[in-house]
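Next come the structures, one after another.
After this come two complexes, each holding subunit A, first together with subunit B and then together with subunit C.
Coming up: the complex of A and B.
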């Protein structure tokens, strides 16, 4: 039987197509891209060896550091907001709406599946100042305020991104965290209630610790996706005003395909990959520790 | 009947506000898509259109080339999805159900791919596609989407196959079925739900993609729906608001209709995936 389960021919037939696609279109390009960091040029001009020039340029490139800072700031703030909003929603589903939460859950999930480009186009109009004040500015004017050029200024544009991100993805995190909250046995919460814990105290001392594993995986997921933000930036501000809302992903894209610097573009892509890896490792490490600590507390 | 407590009223108000925040932008978008250019430039932002301009939709569809974009998106998405599921499910089976040396290493190799950002692949892939003369075809879409979706698909399928009792496949083997046979007649039927769920997740991620669609194909005749929408405002000298809003609407509500038809499946799959994960 083991020989049938280990049938070589069947393994090759089943695995080879996937492995071939994956190797040729993912694995090989990764190493190729690594190699390109030591070259200079593009498809039309050809490539010339550049030694470590791309790396020394990277260290001294203020645009690189600015875009990296923007990516960090974006990922940090968006992660906190998305996960917090999602968690509050999940608490609402489980403890307030209970069985009637299906419709609310579905409606809040709508924006998750919408194309980012379409959502960004919509938000561009919601926060517009030309040709007419958009709905947001119209409301501000209605209450006697002055219209704001939201996307014309780095700080306000950043907050439009945050609002859009929360609107679009809190439904996703709510469903993810909902699954973790539903798993908490009813009796544990009931007995805590009997012991006199309620409201905020119940959430802080019982529910958050018990749903910590799912909460941490939601955080890992959120950081990973917000750090690689690309679509919404292109569609909402295109990196502007100036380069003020340009994340590392967009800077890499521009360098490569607008300025045709393939070698330096590869170096930026490598920097992006390395930083994304480091963040994931750091978060995973700290989450491992917290989960075991919470597990210990449970006993 | 239960008595209404102040707490319940607060919850109702909060839920009402929440639903309003989710729905209002889309309602405003839909209503505005029927306005004339003049109403966009001078009318009240919350006014209803004086007459409903269905022409905006026709103009977006025909003049704005949105029909071409939708066609391109379909041609890019469906073959990728098919290839991705076909190869990914088979690989998940070979890596989880079958017994051989090195299968854990191979699974890890696929898993590592989840962490690599798409940007890391763009330059070499662009050079390859360019030199193979594929940049004016649909091939860059199909090949790249298939490869980029594989890590998650293989990983999830392996997890689903792991949750099946091994005895089923051992019994099939004793009954004389070859492994290919038990993959087709036993394995695949038992994970159909998982395949559908994963297929939906991958469908939306390919359909909504911008990075690949923007990088590899520069010919406007091959632009997907997302690229088309991105450049929509740029095609006219002055922005033509009615057709632009109509195009956003087609994109938004078209996706919503697909989602509504399939939402039960997605929600179920997401919840079970999260619990098992």
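Coming up: the complex of A and C.
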């Protein structure tokens, strides 16, 4: 085996098929899509060169800006809520439930493994107004209020998304952050307690700084998944009412596959990639700085 | 071990390992059955189809059910020569799946095709993927089996006979006779009477109307038919031709009138998020006075499970006249259902045999088994229920066809009109903004 792996040609030959396969299914389509941004047309009509027309159109496309704004809003609010809820749960596991947290962890993790479409259907019924009021509207009516068409209004629909997202993903973030919290040496916490740090002061000045690296990882995960939200939107509101809950991913999908504008759809995909890349750079830069700060705190 | 043997192993080991890895990938990428069977049901030795493959939509099982019935009965011979094979996809997938199949020359023999793309000038039509049904039916000598009005409707909507008229529908208002009688309401024939009837029901504590915001067409049909009544059946064509716009006062009036029905609360709470199943269940439960829908609802009317009140409780009337308008109450919104096209490439004599059998038997079979009206003549006498006869009479008396709101425009227009229709009723968008959204979509469609 050593003789095979010690041979550069062997390494090349062993890696080549996988590399070729990866290039064919990952890299080629990316560059293919990039090339399509300079064309107009679709698979049936054929493609004609469009120069920079798709990019000019992108800048003046109000639907693009609206869907980009919605994507940012969704990612920002959902990230904050998901990570906060996950962190609070993790604190609960570590400091309140301690060794008896296994059952609670399992229960809270359960929604993570459910299919998004099934969860969306569940929330559709939960917040339904027709044909019968769902549990939420029934509760409102019980207390003398009037039923609300939660999914028929952009603002209320947005908050249904947030509740659904937090419910579905907080278990995942709780487990992720739990792993970070249990890694904090017990003696540091104890010495902080002896020094008089308790409750919120302990969390703010000791726990958060020491768990910052894993917290930032959680934020990266959250931004990554929420900025690319797609399936839950399709299942819950299909981007409506109007285009009010249409993220950039859905707009890109519709442009390409419903309106059959492959060139412009690819341009939207490129815009999405660039924005996601910029967000990644910002997050990783902050992450590097803060990890150092956390390391300093450890000292 | 001899030195030469170790050298050989050293030299060939990497090559053997690499070849093995490549072989693994090749195996993984190869066809599962190891053969060359064609999933589309095409490419027989003499050209064309090897099975009568049909790609339909899950939301409308009617055609598939009736073809299955025929394959076991009247079309057994055609089925023995070319077995029927049905696959269903969601309606929302048609727009992306079917053009992709066409581009890969992987279309089934018969398929639901995207409406906009199947019209003359649309990508599906211009690609040559769709069989010219008028020529084919003429060659097969079965054109006499197609109702002339149904054939004319297909040609009016799509510009050519691209769709088999498995359905032939007129649309209008279904109403609850018991609720009308209890509140002393006559069937309205004018828009003002219609609004008065809605107001009377509302005052009596009955929800006058229902529609589904998630299926925008249940609302946009009000707009197209109101415009056909007020501006004539060419109202939408005038917009296409650039001679009118939705922001013009007379067009805006139509949007305002429809919006005012929602503003008055006639559609009840939650119209924007309401789905079509809720609409029909509300109506057949007797909770709603009127529902805009098509003659395809007949199958639900005569279905005891869906209609516990019985068929005598419900009636059908045409969209009312708009006073002073240039349209007529005898111009009916008509359609032939979703576009059901045939692949030009896969057509052969055996497909032709299927078409002959369908043309001769489908009309009677559908009426007998599902109580629904198709665009084919009924060659076998079938006992027709009273309400069906009434609607057939109305179809026969139609003087002109009103095309639906989205039909003459592109896909962006269809999306914009449909997704904003619910908000138009619940105040989420003003009539002026709705008109502006439509204009913007027309411009984007190009």
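To be clear about the criterion, the second predicted complex is superposed on the first by the 285 of 299 C-alpha atoms of A that agree within 3 Å, B and C clash if a C-alpha of one lies under 4 Å from a C-alpha of the other, contacts with A are read in each partner's own complex, and residues count from 1 in each chain.
Assume a contact is a pair of C-beta atoms (placed from the backbone, for glycine too) under 8 Å apart; a residue touches a chain by one contact, two chains touch by 3 or more.
All values derive from a computational prediction rather than experimental measurement.
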First (subunit B), second (subunit C), both or neither touched by A:217: first
Partner chain(s) touched by A:83 [first = subunit B, second = subunit C, both, neither]: neither
Partner chain(s) touched by A:109 [first = subunit B, second = subunit C, both, neither]: first
First, second, both or neither for A:45, with subunit B first and subunit C second: second
Broader residue contact with subunit A after superposition on the shared chain, subunit B or subunit C: B
Contacts of A:7 with subunit B and subunit C, given as first, second, both or neither: both
First, second, both or neither for A:240, with subunit B first and subunit C second: second
Partner chain(s) touched by A:269 [first = subunit B, second = subunit C, both, neither]: first
First, second, both or neither for A:17, with subunit B first and subunit C second: both
First (subunit B), second (subunit C), both or neither touched by A:179: first
Doubly contacted subunit A residues - partners subunit C and subunit B: 4, 7, 10, 13-14, 17-18, 21, 43, 131, 256-257
Residues of subunit A touching subunit B in the complex: 1-2, 4-8, 10-11, 13-15, 17-19, 21-22, 24-30, 32-33, 36, 43, 89, 92, 96-97, 104-111, 113-119, 121-123, 125-126, 131-135, 138, 167, 171, 175-176, 178-180, 183, 214, 217, 224, 228, 230-231, 234-235, 249, 252-253, 256-257, 262, 265-266, 268-270, 272-273, 276-277, 280
Subunit A partner contacts - residues on subunit C that touch it in the complex: 10, 13-15, 17-18, 21-22, 24-25, 95-96, 99-100, 102-103, 117, 123-124, 126-127, 129, 213-214, 268-275, 278, 281-282, 410-412, 415, 419-420, 422-423, 426, 428-429, 437, 440, 445
Partner subunit A, residues of subunit B touching it in the complex: 11, 14-15, 18-19, 21-23, 25-26, 28-29, 32, 40-42, 45-46, 83, 86-88, 90-91, 93-95, 97-100, 106, 109-110, 113, 115-128, 130-131, 143-144, 146-148, 150-151, 154, 169-170, 173-174, 178-180, 183, 204, 207-208, 210-211, 214-215, 225-226, 229-230, 232, 241, 244-245, 248, 251-252, 255-256, 259, 263, 266-267, 270-271, 274-275, 277
Of all residues in subunit A, those that touch subunit C in their complex: 3-4, 7, 9-10, 13-14, 16-18, 21, 42-45, 62, 128-131, 147, 149-154, 238-243, 254, 256-260
